[in-house]
Every structure is written in structure tokens, then in C-alpha cells.
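These notes are about the structure you will find just below.
Think of it as A, B, C, D, E and F in the order they're written, each chain with its own count starting at 1.
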Amino acid sequence: MSTITFLILFPLLSAIALLVLRTDAARGVIVKVSATLIAVASIYLAYQYFGIGEEYFDFANETVNLGMTVIEVLLAIMIIYLGIKYKKYLASVLAAIQTPTMIWFEVKVGHHIHVTNNLYVDRLSIIMVLIIGIIGSIITVYALGYMKDFQHHHKDQPDRRPFFFFIMYLFLGAMCGLVLSNNIVWLYFFWEITTLCSFFLIGYTKTEEAINNSFRALIMNLLGGVGFVIAIVIMGSSLGTLELNQLIMMGMFGVPAVTYVAALLAFAGITKAAQMPFNSWLLGAMVAPTPTSALLHSSTMVKAGVFLIIKLAPLLGWQSLAGIMVMMVGGITFIMASFAAVSQSNAKKVLAYSTVANLGLIVACGGIGTYAAVWAGILLIIFHAITKSLLFLCVGTAEHNIGSRDIEDMDGLFTRMPKLATYMIVGISAMFLAPLGMLVSKWAAMKAFIDNGGVLLVMFIAFGSAATLFYWTKWLGKMVAIMANRENIQSGVNKDENFVLSTLTILTVIVCLIFPLISKTMIVPYLIKAFPYVDPKHMILALSSTNMTIMVIMLFVLIVLPILFFGRTNKKIVPIYLAGANLGDDLTFRGAMEKEVPVSLKNWYMEGYFGEKKMNVIGVIATVVIITGVFAILLGGVL
Amino acid sequence: MAAFKIGKVVLRSLFKKPATLMYPVVPRKWEERTRGHIDININDCIFCGICARKCPTNAITVDRNKKSWTIERMQCIQCTHCVDLCPKHCLSNENTYTTPEVEKVVDLHVAPPEEPKPASDDTNKDSVEKKNA
Amino acid sequence: MNMTIIISVIAYIILAPIVGGLLAGIDRKISARMQGRVGPSILQPFYDMFKLMEKEAITVNKAQDFYVGCFLFFIIVTGGFFFAGLDLLLVIFTLTLASVFLIVAAFSSNSPYAQIGAERELLQMMAYEPMVLITAAGLYLVTGSFNISDIINPENGMAIKFLPGIFLGFVFILTIKFRKSPFDLSMSHHGHQELVKGLTTEFAGKTMALIEIAHWYENIFLLGIVFLFIANGTVWGAVAAVVVCLVTYFIEILIDNSYARMKWQIAINSSWIVAITLGFINMLVIYFSKFVL
Amino acid sequence: MSYVTKSPWLIHYDGSSCNGCDIEVLACLTPMYDVERFGIINTGNPKHADIFLITGAINEQNKAVVKQIYEQMPEPKVVIAVGICATSGGIFKECYNIMGGTDTVIPVDVYVPGCAARPEAIIDGVVKGLGVLAKKKEAMEKGLPIDTAKGKEKEEA
Amino acid sequence: MGKRTIIPFGPQHPVLPEPVHLDLVIEDETVVEAIPSIGFIHRGLEKLVEKKEYTEMVYVIERICGICSFGHGWGYCLSVEGVMGVEIPERANYLRTIWHELSRMHSHLLWLGLLADGFGFESLFMHCWRIREKVLDIFEKTTGGRVIFSVCKVGGVRKDIDEATLKEISSVVDGMKKELKELADVFLEDYSVKNRLCGVGYLSKEDAAELAAVGPMARASGLKQDMRLLGHGVYDKLGFEPCIETAGDSYARCKVRIREVFQSIDLIIKAIEMIPDGDISVPVKGNVPANECVVRLEQPRGEAFYYAKGADSKFLERMRVRTPTNQNIPAMVKTLQGCDLADVPMLILTIDPCISCTER
Amino acid sequence: MEDLRETVIIPVTASELYSKVSDLNEDGYRLVQACCTKVSEGFEIIYSFDKEHELLNLKLTIPEEEEIMSITGITWSAFIYENEMQDLFGVKFKHMSLNYGGHFFKVSQPTPWNPKN
């Protein structure tokens, strides 16, 4: 219990300290110490509840509730003010709908409902806390070095680093609170804080683009917030409970009103997880400094959305309209975002689309709602968090060292920055290649889809994976190109950044190696609890233990092979073939008019096939139709 | 459906005897006019040197004093211009070509020192020397 | 049971390159005859391979050999998994891993032709990957298992009875996998190409020989998937399956000699359309008969 | 036993010929002559090739190209000069832009005469080249410098 | 977007037997720009007129190109005959026409094969070249050479074809029709071939005229332009009409050439029927007068231009050959823009490039 | 037969060349070729034009050092001939739309047809 309180409140303290103590040195110390403490606390939490597995805490305290309400009102006022200031009235309107409704509900209904268990710990939240505590805090360490460079590169902008770190730590605290709250009102409170934090983080640079994009994120998330509020209202008024575990329980017993609540909560989850009609906020968020992207898109913010959906998974599935909505939205997002990623050359955009796609996959898994699908979904959350943050941070470092975040400018990175390239290669491989993490979960997802998802989802995953394969390998190809005569600039990388990157790389590999263990000790017990109607003895996982063992052996082989053989060749090294016109340095050839033409290697983007716009339009239309359709049917049921 | 248009040709070829001539297992029969290489009946040659002067590639050298007629095989383009011009018609076009060699072939024909005897192929052969360029 | 697995895997590792090479030789002979020529000896692929082994060892960088080695290794592993009767999806993903190694090897050379070849290879992978996954899904739906040893099961009968569409679709993408015209985009075994030798432009000598061997392994493994559609665990079923494999191979040769090389647009469009129509409809029918009826 | 002679892959480059020899080289690949009987493939890529068939004389433009292709071929390799132009410059020897036969730039192993060289002559030349190839391979195995296998370099250049 | 890749296409490239270099600027696989660079086989043989007498020069001119060798010999002879005012016997004219049309057949069949190879249709390539060998056998029998004939000379031809051989030629080319028809069907109707040819490398009639395209390239864009209409040889007596297509794409160019092969067969058969008896050459003696003559001849690849200038000596002062490919290069560069990388070899081929012709 | 060999050659001066070519182009003539001959007084350049099989030749005689107007502005395809003349003879052109700058034909000696240069 105290660990939980620590995890929620300590980041807040650090945040305030960071806001107050504005020197670089102090910030460095605070960030490093807090990050370590948070990481240790999260591990301790895991250790503490390892044997227990699941525990609910009665933490009824009216002052806390009151405090939350006050903060909520303040936040709402702030949003309304900002919305008016920047002429984004929609944000103000949404906030003006949301908070008064919430307060009305609190006063009218919520007040009378007794909440026994405000907080809880189960294995899913342990996994989430570990992700937030370790990856989230390591990103803040990375941000130390990065933001220094960033301010150095952007001299024209005011140094608002204290505020930046303040928000970051606030965010970590809110995320911990979010995954540990059983009281839906508390959950909502933390949910709103993350929304606002992301708004500030995206708008950090205060350029026009940043402000527009931050408002887009805000509006979309507020939209989800409205859904959330309505869900709470229905939950409180017709189900008479505000506890998440109660809700899920009721859903399993087939209480009809749960469908509406689940649909609305899932809708909120979809907005936060940047699913298809709302994916644009995540893409817009790429204007923010890279640690923000890493934090928002890998370990926190979007994970809140999928966390909620995975949590609700037992209520979803084919039998529920909400389930169909969620899986279709997830499936369409997966395939469309994967396609769109093909046409991108901006590394951060590729990562963003890939994030959206992967979240889509998780959401679809949640939507299917079987234990096998949830197993895949949880694994996806873990692998995605680690790998994506690694990749985002790698791109950030690359950007600061080669001056571009375009994949096309990263050619020959293996020669120019061997270490960074290795990290990136590991990260990219982990996103789609066989024995590494993401593929394992994709495999499981595919199996779940074939078993329960229907033909359409199978098609989605078949085509989506093909596109995934294409854009990742394309990027990988850029990385590995060896340009003999390019200079090595690896030494320019900041020490902190290097430490973080190597840690994350090692973590990626380790998690891939021990995932059967994670599955056995964390995920399966959770599934047994979450799906009480499935006999644990018959719980056949997508990957048989043989397959898991083979995967681990393969990965081991893949680690050993390069160590033994990479670069060990005594062959004569010869220049490349350039149709007989190589000028000798492998970098230029004799072109027309006796010009020395540089050998330039550019990838394919197939704009005509997978243009971003086209994919977005198709995806948005399809998902909007599905969502409105589902809600129309639900509404029709009510009326 | 216009796919598979070549199917007939391809399948027929599969079961038919291939068109291959099987050279060098089966030697090639040359046409009479085939421009293979230039030969000389050295006994009739008067060493006037017209062929050498008119040769477009200067492959032929004629030495009046040594009474020799030399042709650089790796220079001759077999245009048979010399055959047309030879006043004594002692040059002829043979329909077998010079075989590929690892060295550049030069054929030297020297007229026998005595008065010309009735020409025979054997004497020709004896007077041909091969040397390296 | 374990013994048979070990034997079949060892048999695969030893026999696949021999059979694969012979098939390649037969391919060249038949192709030549279709073109009205005599063609090389049936053992020619082996001569080529041994010759490449004897050539001077050159490379364009120090990394390439490693990648190509991994390509060969994982192709062998793929086939090994397959003939050990393991999970079909595992096999497919391992194959993808192997192919990615080949692509990476080509990319690492930093040569434009190899790079465009790699890019095209990638495109082809994108083109055939859905159909391969659908094939696995189809086999799973029919037999209830991804395990190859379970798929070849007398109880299930011939999978092709339920999967005619998916079988045709798979044969279609085999054209890509066998690198046959009309889809020999990234590299072709014969004929001139705008990309010189595409993917393999920068590989020489032993490296090239390894790639050849890997292709033989790959071809046998691919025919193995064709085998899965027919085999039903009985002897006559196996014989029929082998016959079908050979017929498929012959048809691929015939197609190779009857079509112009298509452009990548057609490659991706057609194989996706095939996957969507044949694969999707076939799957729908199975779903319908399985879950609805 | 060396396999180089069983699978000689060739690369063909047109120095500055008149096309006559080039189309005859191509004709060698076609059904009538079908050199694939001997395992010959026209690879077009120097890195795969064993035999360098060069037609036409050398001029300023293609000197570097010919040299580069030759250098990019892995040992053992054989150069066959096909046609009179490639062997000696032929009828174009006196042209201002012609430097001479192939041997002005790279060592030539077999000369195939003819204008244009007949497919039969080209086949004969390649067969002859195979002998040289086998010798070079032998020298390579013994660790001798390969160029000495033939014992002749471009002296006149 | 900065996604442009520049790749060298040639000088050494397996698609084209001849060295030509293009800097291809590609985006994905679309060619944005193609900058040609030629001169790899420039020999400067026109300048040999200073060293070779006009009677020897014909052997040099013939070797401008091994594919259109006969046409060059003929064009040279015509221009020198024009300068000297020599009238050649009718039989020589017939023989020249027959050989020229046979050359066209062999050239077009060669081209069809290369085109098939260009779009990766190996068996079609093989079969085209298999049929082509029959024409080469005729050459071997009548001239003694397979590609370079050396039969044309100033004042006539050097070799006669006897009656029996003429009959044989007639029956051989007639017999080729059937096999050709089969292959023509593949080129003109096969789905995959049409897919690669139709609409690729479109050249409008206006562009063709503007860029001064010649030969099949121009005729495929609807320009009625065929130098055989000028009346060299005996074309006027054979009732010649050019083959015109209007589509302007690669397919049309292919069709024009296929039609021309059949047309050549008809022309040859007709010429053999009509050939008169008589001498095959007139003796030509003396110096070339100081005079000028321009001759245009329809080569398989299009209009070739010969300009001879005498200087009252055995040596010409200037011999100029402008070959069809030379004239078609601008059109080729134009069609290359915006095409796919995979189409590049084909588009280069559709002008039927003869680089040795171009660069001389 | 006889008129076939009749060669129409119209002499032009350097100054009127451009307008003349321009007129011909508007008339529908296409450029057939341009060729240069080294004569004692300098260069003799023949431009040939064709319209429906009718050939028209313009002959321009200029001293060696004179720079003449490029006609690539009128017919782009002339770039081949002009570059050729520039490389082989050393004829100077103004305003060439595609100038290879002497690298159209790479020759072992500059302007081989005009060795004095």
C-alpha cells in the first residue's frame, strides 16, 4: 500500500522539486535520483505482490475525493481559458461539458455510492507499473542530455526545461495512479491529468504547429473524456457502483447496462490509444522533443488507452457490440497505419504510424476478448513499450548527431555511428523479426484472430504484417549499408543518452529472452483471474512451450552468431559494381557529361499506393462508420 | 484470353528435336562463298604489292626482295578486296576461318627460290611458317 | 516418433540440396528444350556451385558474408523446422527472418543495383506474405492445428479438398518464390535484366554459391508446403503429393517460359488480389461451413 | 579436377565494335549454337564472370571501363578478344580515337579472329579459353602469381 | 521529398550489348530524368576518308554497324556514285534491294528478340533468334558473311545470285511466314507482352515531328516517313507503301516492325520474280570529282543520311553518315521521362538503338 | 532517278541562319542533320531539313573563330549535332540548350578534325 502511495505521490514531489530548483546540476541529480527511486519502487512493488497477485485497498477518504474534484475544476478552468486564448473554442466547449457533468454527477449520484476499494494491485497493473517505473523514468534520464542538446540546437526558444521536467514527472505519477485505481472516478481523474500533461508536452516548443497539434491532442482526448464521463454517469446511476472490478464482474454476469458503459469506456480508450479516427493527434505529437514522443507513445499516455481496453477485454468479444467495435477499429487501424507507414521517410513518423498500428493490434486483441488474445495484447504492450522507446530515443540521438530525422539521411549509419546503428538495428529487428518480441505477440495475435477473430481480422493481420515487414526492413537496410569511406562520428553522443540507449537495448534483448517466464509468472495468472469461466487446465496459449523454447534458442543463436562470425572474413575487399563507372571510392561514379555523380541510395515509398492521406481517409471513414454505427445501435436499444 | 500465346510454340519445342547445330561435335559445313581466310598460291605471285597497298587494314605485307607474302591473320577482315584486285588471281578466299589462338597469328608465305613448279597444296603448306607477333 | 523426426530432418539437410540442385538442373534442361535448345547437363547447377566455390574470395565489405551465412543457416533451419513437423507459423516466420538476412546482405553492399534488387525483393515479400499467412490460416482452419505433423493426418483427409482456392493462390505466389518469370523481379537466374543481377549483383564466389544452395533448400521447403495440401498420412497420399509437387514445378517452368517479366505494380496487385479473392473467399467458405452450419 | 571449365560464365563488353561481333556473341547463346550446353551463361556482371569477352577496339572512353570490369572479375579469369577490332584494332586502327586492340589495356588470353567473328569461332575461342582458365586455376591452387600462367604480358604496349 | 536515387545505367550493362551511359534519376521506380552520355564507341571512322581510297572506304563504312551493314554500304555507294555520276545496272539495283530487305528482316528479328529479352521473355527471345538464323544462312550462302557482307561496291555489287538460289531464297522467306506469324501473335496479342508494351513510352505525333524522330519510331507515331518512297533501289517498281501505326507507344513500334518483316518478305518475293538478267556492276575508274551529293536511305532503324564531298582525288574530302539512332536519341530521352525503371531497357530498345551507328 | 541525286544546297550567312531555320521550322520542316566540314577558309556547316521527303540543305561557311547561334532553341534535337561539331571540330555555339561541354565524345586529342585547335 505504501509503495503504491509512494509511486503516485513521489513523482509529484520530484516534479515540484524540479520546478523549483532550476539549475542544471540540481536537475541532473534530482532526475537521476528520482528515476532510480521510481524504478526501484516499481520493482519492489512487483516483488511485494508477486506472490499475492491481486489485492484491493480500501482507501476511502473524502478529502482526497474533494481534492480531486477541486483540481479537476481548476484544470477545466485552465483548459477553457487556454482554449479561448488560442481561439480553440472546441476545447473549451468540451471541457465545459465534461467537468460540470462530472461535478453534477459527483454531487447528485457519486456522493451516495460507497466505494470500498479505491486502489488495487493485480499482475496487469504490476506490468504497467514496471513499464512506467523503469522505461518512463529512464526516458526522463535520457531527456536530461537530450534537452540540453535540444536547447543548444534551438537557441531561439526560451529554456523551459524546469517546466518540461515538471510535467514529465507529473505524468509518471498520474500514470501510476491510473493503472492502480479501482475507483473509476479516480481513474478518470488521472486520465484527465495525463491528457493535460500531454497537451503541455506536445506544445512545449510553442511554435504555431506545436500549439495546433497540442490542441488537436487535447480536443481528441477531451472527446474521449466526455465519453468517459458519460460512462461514469451511466455506471453510477444504473449499476450503482463506481468500482472497476465490480463492473467487470457484472459484465460477466450479463448485466445489460454494462454494454453501454463498456462501449463508452472503450471509446475513451480508443481516443487515448490514438485509434483510427483519432490517430492524428499522435502523429501531430511528433513535433514535440523526442523524449516526449518516447514517453507518450511507448510507455505511458497511449498505453493508458490500451490498458483500459485490455482491462475491459472480458466484457468485449463477438457477443458484445462494444467488442465488435473495438476489434474492428483496432484491426482497421492496424492495417491502415501499417500501410501509411510505408510511405513515410521521416523516422519519427514511421515510428508514430507503427505505434498506431501496434496499438491497433493491441486494441483488436482486447476487442476479441478471449484469454489468448489478451495474452497477446499484454505481451504486445510490454514489448512495444521497451522497443519503441528505444527506437524513439535512437532517432532523437541520430537527429542531434547527423542533423536529420529522415531515414534517407541515415544511410551508412553503421559506418558513421556503429553503436547507435546497432541499437537501432536491435530495436528495428525487435519490431518485426522472428525470435524477437513483437513477432511473438503478433504470432499470438494472429492465432487468436484465426480462432476467434473471423476472416476479416485474419486478412487485416496478414496484409498489415506484410506492410510492416516492408517498412521495417527498408529502414533496416538503410542502417546496415556500409559506406567504406564515411567518417565515424559516434563519439559525439552524449554519455547519458548512450547509457540509456544501451540499457534499453539490453532490456529489449533480455525481455525477449525471458518472455516465457514473464508469461508464466505474470500474464497467465492474470488471465486465470480475469477469465474465471475458463478452466485454467484448458487454457492453451497461442504459443506452445515448445515454440517458446525454440524462439528463445533461436534468439540465443542470433546473439551468438554475430559475436562469433560478424565481420570475420579474410576475403579481399573490392569496390562495388557501378556498371563499370565506379570512380574508385564506392561513393561516386562517372556520370553523363563527365560529372562525378554521388551514389545515392533511396528507398521506396510508393506514395501512389500507400499515401498517408489516402490511408487516413479510408481508415477514418471506415472507423467513423463503425463507431457511429455501434453507438447508433446501442442508442436504438435504449430508446 | 490472350495469355499463354506462346504455349504452343514452347510445348512443341519441348518435344521436338532442338534446333541446335551441336557445333563442335558436329562440324559446320561452310558455304562456298563463306569468307573464311585469304589464301595465296605463292607460286603465281609476282609480288606486285597491290594487295598490300589496297588492304583496308594493312594486314598484308609483300616483300619483293625476299619474295615473301605475309598476312597478319589477326588483322585481316576478310573483305576479299585483295582477291578482287590481284592481277594474277593468285589470291583466293577459302571458306575456313583462322582458328582462335592464344597468340596473334602471322602467316608468312615465301616463294620457293627456284622457278615456279606446278603448284600443289603440299608445297604451300611447307612454305607457311607461323610466328608470333 | 522422435526418431522419425530426427531422421527426416537429417534427410532434409542432406538430401534437399541434392534434390533441389537436380530440380534446378531439370528446370534448366526443360527450359532450354522449350526454347528449342539442347541446354546444359542436368548436373550443371552443381558444376556452377562448385565452380563458384573455387573462385577467388572477394567481397565488398566485411559484413556481407555474415548476413549471407545467416540467410543460408536460417533457410536450413526453416526447412528443418518444417520437416520436424513443427508449427507452420514458426516455419513461415523463420523463413521471413532468413529472407530478411538476404535483403540486408544486399543492402549492406551499398550498391545501387543490389539495393534496388533488395527493395524489389522486399516488395515481392510484401506481395506474397499475405498469401503465405492465409495458407497457414487455411490449413489451420481445416486441420485444427498449425503443427505440420498434425496437418498430415489421415483423419483430416486431403487439405486441398477444402482449400482449392488457397492452393491455387499459393501456387500463384510460388512463381514469385521460385523467382520465375513473370515475377523474377529482384533477381533472375537467367536472361538479362535491367538490374544487372539485382539482389545478387555484389555477391561473388563462395557467397554466391551459398545463395544458390540456400535457394535449393528453399525450393524443396516450398514444395514441401505444396506437399502439405495433398498428403494425408497414407503412402498413396504421399505419392500423389510428390506427383502434384512435380507437376506444380513443371507448371512453374512452363509459366516461366510463357510470360514476359511483369513490373512490380502487377506483382503486388495481382498477388494481393489473388490473396483477397481466392484466399478470402476460400476462408469465408470454411468459416461458414465450420461455424455457421 | 577443376569445375571452372564446366561452368564458365561470361561477361561481354562492347569496346568500340561495329556490333557485328556482339550480335554473333549473342547468337552463340541462342538455339542454333546454344553455348549453355557447356554451362556458359552470359551473366553481365563482372563479379560472377569467369570469361571476359571483349569485342571492338579500345578507345579513350572505354579504357577505364574495360580495366574496371577486368579488375572486378574474381580470379581465375580469362580475357577473350573477339573479332579483329578487339585483337588488333582492325579496320579502325588508324582512326584518331582508337588506341588499339584489347591488349593495350588488359592482358588478353585468346584472340578470336574474324570480321565479324563467327559463332563457331567464338565457341572455339571459348573452348581454348577454358584451357587457359584451367591452367590459371592450377596456378592459383599452387599459389603462383596467376598472370604468369600464360607467361605473356603485353609487351608491345 | 529528397528521395531521388541516381543510378548509372551502363556503360557496361547486360541489357544492352552496346555501351551507352544514362544517369537515371529515379524516384521509387519511376524515372524522373535520364541524362544520356554517349561516345563510348566513338572511333572517328569518317575521318578515314583521308587515308582510304573511295573504293576501300566502302569496307570501312560497312563496318559502322554490324546490323545495318549492308545499308551503310549501299548508302555510301549511292552517294559516291552520285558524286561521280555513275549509273548502275538494273540487276545490281534489284540485288541491292533484296539484300537490303533481307537485312531489314534480320535486323527486325534481332530487335524483336532483344525486345523480348528486354522485358524478360527469354523463350520468345530464343525463338526469334532461331528464326533469324535462316536469314543469316541466306547471307552466308549469297555473300559469304553472316553480318558483314562486303558485297556492295561503287558501281554495283560484287556478287551475283544465281537463279536457283534466288528461288531458294524466295521459298525460304515464304516458309518463314508461318513461324513468324506464331511469334507475331505472341508479340501482338499475349497479355503479358501487351501489358509491358501498350501505353509505354508514348510519343505523340507532334512530339515525333518536333523531335525529328525517324524510321519505325516516327511511323509508329503516325508520321508517313519512309525513305524507300524516294525511289532508291527498285522500291517504286515493287509498289511499296510504308507501314504506319498511330498509337505512338512501344506496342505500335513493335507492330510497325512486325508488319515490316512481313512486308519485307513480300518485297523480296516480288523482287525475285521481277529481277532482270544482266550485269551486276559497271567499272568505275578515276578520281572522285569535286562535287557533293546527299543520299537518304531507309535503314531498318530509319532514315540514314549520307553526304559525300569529292575533292578531285581518289580520296573523298568529307564523308558524312548520319544514322537513324542519332536522330532518335532526343525522342528516346523524351520517352524515358516518367517511365518505370523496368521499362528503361525496353524504351531504349524501342528506338532500336545502334550506338556504333550513332558514334561512328 | 536523276532528280533523286539532285542536291539542293542553299548558301546562308551566319546572321541569317537563325531566322531561316526558324522559318523552316514553322513551315513544318524537320531537322535531318547538321554536319561540318573543315575547309581551308574555316568551317562549312550543312544543315539539312526535310518536309515530306523533300530535302533542303543550308550551307553556312564561317571562319574558324566565329561563334554562331545555336539552333537548339528552335529544334532541340540539334543538340546532338552541335555538341558533335563542338567536340570534333571546335565550332563555337552560343546559347546551346544542352551543352555537354566537350564531353559528348571523349576523344584522345581535342577537336581531332581540326588539329590546329
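Points worth noting:
Keep this in mind: a residue touches a chain if its C-beta (ideal position, glycine included) is under 8 Å from a C-beta of that chain, and two chains touch if they have at least 3 such contacts.
From a predicted model like this one, the values you see are computed outputs, not experimental measurements.
Fewest steps needed to get from chain C to chain F, stepping only to touching chains, is 2.
The chain with its C-alpha centre at the largest distance from the centre of chain F is A. The greatest number of inter-chain C-beta pairs in contact is found between A-C.
Per-chain CA centroids place chain C at a distance of 43 Å from chain E. Between chain A and chain E, the centres computed from C-alpha atoms are 65 Å apart. Put simply, the C-alpha centre of chain A and that of chain B have 80 angstrom between them.
Rounded to a whole number, the gap between the C-alpha centres of chain A and chain F is 69 angstrom.
Across the assembly, chain A contributes 574-575, 577-581, 590, 592-593, 599, 601, 603-604 as residues in contact with two or more other chains.
Taken residue by residue, chain C touches two or more other chains at 32, 34-39, 56-58, 112-113, 190, 192-193, 196, 201-202, 257-259, whereas all remaining positions touch fewer. Chain E has residues 5, 8, 11-15, 29, 37, 39, 42, 44, 47, 59-60, 63, 121, 123-127, 130, 133, 145, 148, 190, 192-193, 359 in contact with two or more other chains. Contacting chain pairs in the structure are A-C, A-D, A-E, A-F, B-C, B-D, B-E, C-D, C-E, D-E, D-F, E-F. Those residues of chain A lying in contact with chain E across their complex are 345, 406, 408, 578-581, 589-593, 595, 597-607. If you check the complex, the residues on chain C that touch chain E are 31, 34-37, 112-113, 116, 181-182, 184-185, 188, 190-194, 196, 257-266.
By the touch criterion given at the top, residues 5, 7-8, 13-15, 29, 116-127, 130, 190, 192-193, 195-196, 340-345 of chain E touch chain C in their complex.
Chain A meets chain C in the complex at residues 411-412, 414, 433-435, 439, 443, 446-447, 450, 454-455, 458-459, 461-463, 465-467, 469-470, 473-474, 476-478, 480-484, 544, 546-547, 550-551, 554, 561-562, 565-579, 586, 599, 601, 603-604, 609. Note for the complex: chain F touches chain A at residues 100-101, 103, 106.
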